[in-house]
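Letters A, B, C and D mark the chains as written, and numbering starts fresh at 1 in each.
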Amino acid sequence: MVDINKLREIAKEVISRDDVRQVIGYRPGTYGFRARPAFVLEPDDVDELIFTPACVNNLATYITLEEKLPVPRGQEPDSRKVAVMVKGCDSRALVQQMEEKAYDREHLLILGIPCRGVVDMDKVNARFPDVLEKGEIALEGDKFVISFNGTKEEVAKDELLADKCKRCRYPTPLVSDQLLDDEVERFAEDDYSDIETLEKRSQDEKWAYWEEKLSRCTRCYACRNVCPMCYCEDCVLNRIEPMWMRRSVDVSENTAYHIARAYHLAGRCIQCGECQRVCPMDIPIMELNRKFYKDVADLYDYEPGTDAEASPLLSTFSVDDREDFIL
Amino acid sequence: MAVKKLSKDKVGEALKELSKFRLVAPARSDDVVIFKEISDPAEAYLDYGNSTVPPKKMVFPQTETLFRFMVGDPELKEKNVEEEGTTVIFGIRPCDARAMSIVDKLFAWDYDDPYYQKRRALTTLVGMACTEPPSVNCFCTSVGGSPFSKEGLDILLTDMGDYYAVQALTEKGENLQKTLSSQLEDGGDEKKVEEMARAAEGKIKRSIKTDGIPEKIPTLWDSDVWKKVSASCLGCGTCTFLCPTCHCFDIQDEVEELGEGRRARMWDSCMFSEYTLHASGHNPRPSRKERTRNRISHKYSYYPNKFDDIACVGCGRCINLCPVNIDILDILEQVVEA
Amino acid sequence: MAETTKMAEDTKTDFDPNIVAFLCNWCSYAGADLAGTSRIQYPPNVRVIRVMCSGRVNPLFVMNALQQGADGVLISGCHPGDCHYMQGNYFARRRFNLMRNFLEYVGIEPERVRMSWVSASEGAKWKEVIEEVVEGVKSVGPMDSFKRRQLNW
Amino acid sequence: MSSNNGNPYIPYRVNILDAWYEAPGDRCIKTFKVTFDDEKIWDTWSHRPGQCAMVGTPGIGESMFCISSSPTEKGYLRFSIMKTGKNTSALHELEKDDSFYIRGPLGNTFPVDDWKGKNIVTIGGGIGQAPLRPIIQWVRDNRADYGELELIYGARTSADHCFKAEFEEIGQSGECGLHLSVDVEEEEWPHFVGFVPTLLMDVAPKPDNAIAVTCGPPIMIKFVLENLEKLGFKPEQVYTTLENRMKCGIGKCGRCNVGNLYVCKDGPVFSYATLKNIPEAFA
């Protein structure tokens, strides 16, 4: 468990440095068990920082999300570092961003949080519905301890653990300037059984499956915006000339959107699962991303977000790449 | 009109009767509840909190053709909304119905919006009172609504255990009640409904004092509050697309091969960066700060200024579903404190 | 050929598929041209779009073709090592291997998206490729599921 | 509105009577003189100086432009359009006898009736002269109703000047004061060299019983407003027009608001007295 006092102490130290602009971390949410991102600008603000299994957000997104507004004449651009707290999975987003040379490593100060897993908030809400009062979630051994409204309940870890954590292979951040806790040993493996099950279905069954899911999509683009890897300044979806993706909502356009989104993450998605978490329509978006993830590993022995020095998968090739599909 | 009873074992029969119209009811798709056109009463899922996407999409579809054309051909074929026929939205929550009556004002403001208005005129809203709040983040009572609000509804149903109390509220509602005359019985208990309405109001847990907010917001133009509340915003459209009162749209032309095409409008979100982007590249709302400010100002200041109603019905969807827990009540509290 | 496709079923033989082919300027387009000048007969189902290199073909092109009513798409470039731009076809190979697997995963048959290497001298191979592509698409029938449906109001 | 059954989303087809370039370059400006394909629309059509229309072609899109002709010019409408994006590029392809579509008239108008008996100064920059042109034309056609007319106009170079022929004609007729400028020195330029706000100070129109109307790039407007204030113009005497991205043009689609005003419906014409209180107006 991350010692909260130590976390705040380190955050305070970091934000007090002259070369740090802000610390991005977590703070309690506005109701129930939720946590939300915190943007610490002053040393005094660190007291609201927390880290619990409710801290699901991938904060690496904010590194590339911030608008690059023009600097007013006569002013210097703010080149101070941004400090960001990342779990194991989140850290891979930073690694992948660096691999793609999205920014300079010097721009960041990474506070790594070795993580034993976070909850799936939908599962928590299903188990403890209608909780408005701020509650707390802690992980103790193989149990989540849920406390709210003066009561305390224990739930087996497996019941509330987010699916992505059940497959997590990198619980300790792969890149950090400072770890906030002892390293966590890998506690899970990924067997892709969910993807394989789907792969085995007939073509018609597959289409029917995705048609039902994707027809629900409202194209709110939460999955795109929350994704730490979706940081193009000029997204193909916003283009009107040529208009690759139409804005109208129907099965064909929605499917095209999700294919394009997943394809643009081929060899880039680092499995943080944020897209699926934020989807208001419960579309299993990760099942799309994971197909690419699996194929990329099988075909090219490549795992995104593990090596900042590697070359991005699709901007490189090997002469010996498989071509048994080519006529 | 006297309160009628619809016995729960006759609901299926009633829905069957209503399916001679375009019948829209809440239905389940995996764990998501959505309003959709149903043909089989068994599809209706009446044991629901509230739908994820508000039923506004039934009168203001996410994508709607305005007219069709053939490139080069002077004739434009206007969409005939009336062809869709009469629609009955069964089980709409009072807040969502109230949202429609709020948005009605905008679509009738000076220029009549024929698509919206024709469809609205052809739609009968059968509401389902919230005897229990659908979510912990409901705050309808703070913004002029209530769990039993009749505003905008044609019929109000109240779950009384083994039957629904049926109150016709408008002429449209009375007509529909006549359609269901063989399923309805006399003897609904109006007093009990009123008692339940009062009890339901007490169950709404969240609240905000809105007095003074519309006047306060414009004074906060340069305030730090906007930067603070928008820092974590992802700029997605969840809050706006799922909002029953959000009504902004984009208009796009789509052309198929052979030149056949349509001009259509589709939901748009003020939280998207391209929403206000000029062709020149200039963007008057360049960051999430300005966009958040506009969203809150529009709902809580501009709209009440123009149309008297706050453009928020307190359904709580944006709070429940915001990916980063941006909470409109939290923002408003900061506005009040600022 | 590297991959065999199912032979057309009797019921689908009267279906005349539309196939969009993206051909690289230097090899495959010239190969198709050679097939024509050599008067080699091959199925007339292909609509050719010439691109400078198979590496220019964005998967969005493929998706758009399928959405707009193509029943199948062929991307064809120079043989490995022969690319006019040295490496373009290698990039394309990675891209479409992944894309093809993925489309199959969402229910779009792999017979619909094919890739081939056809050089400028392979007029005869062009014929074989087209025959196989057409047979493959015929075996899975018309592309209805992914097609744009906006034409009903 | 006759041929669209009162549906404000259905555009009217117009035929191009004449089309010509006003200014060259990447962002060239082309003027179209058009009449309705269905002549009967003229019976119900009435617009006032300052009003706008959505202009475009089905299949491409539409965007909002001011009608740059005065209602006193009968039998045609004029639009002067700068090539900027998808829609305007497509419009620039069109020539005489081609057609496009318009919806309108939309928005509010310059209160030209309230201005009767007053002196009028227009201060324009670049394509910003387009919304001012109907005022000038209106005043010229109702000369007896108004006091003196003073035209101040500038663009980057003399080639970038819009409505050159008309300015020349006005200059020769001597019916009103004409002050032209270019931003940078060029050979054989007989007039002022410098930015429009500077030219304004050079001309120094008197604020008494006067109305100033300005339109142009935002940065020019900003300094023109400052300078007008220095010259003694009160905010109520100063008018300008705003623009924003628009889709519906009738106050429904939501995006063009500045504060609680919709530019498409409450605008595009605003007095500086109004705008002063709306910070978003100059965003």
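In the analysis below, a contact is a pair of C-beta atoms (placed from the backbone, for glycine too) under 8 Å apart; a residue touches a chain by one contact, two chains touch by 3 or more.
Owing to the predicted nature of the structure, the values given are computational and were not obtained by experimental measurement.
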| item | value |
| --- | --- |
| Centroid comparison with subunit B (C-alpha atoms), farthest chain | C |
| Which of A-C and B-C has more C-beta contact pairs | A-C |
| Chain nearest the global centroid, as defined over all protein CA atoms shown | B |
| Whole-Å gap between the CA centroids of subunit C and subunit D | 52 |
| Length of the line joining the C-alpha centres of subunit B and subunit C, rounded to whole Å | 46 |
| Subunit A and subunit C: spacing of chain centres that average the CA atoms, whole Å | 36 |
| Length of the line joining the C-alpha centres of subunit B and subunit D, rounded to whole Å | 39 |
| Of all residues in subunit B, the ones touching two or more other chains | 250, 252, 254, 264 |
| Residues of subunit D engaged with two or more neighbouring chains | 61, 85-86 |
| Multi-chain contact sites of subunit C, meaning residues that touch two or more partners | 148, 150 |
| Subunit B residues touching subunit C - in the complex, by the definition given at the top | 65, 68, 79, 254, 256-257, 260, 262, 264 |
| List of subunit C residues in touch with subunit B within their complex | 68-69, 148, 150-151, 153 |
| Footprint of subunit B on subunit D - complex, ascending | 4-11, 13, 37, 58-63, 84-88, 99, 243-245, 247-248, 250-260, 265, 279-280, 283 |
| List of subunit B residues in touch with subunit A within their complex | 29-32, 34, 52-53, 62-63, 136-137, 205-206, 231-232, 234-238, 240-242, 250, 252, 254, 264, 266-267, 269, 272-274, 286-288, 319, 321, 323-327, 329-330 |
| Footprint of subunit A on subunit C - complex, ascending | 1-3, 59-60, 63-64, 67, 80-81, 87, 90-91, 93-110, 114-117, 128-129, 132-133, 140, 145-150 |
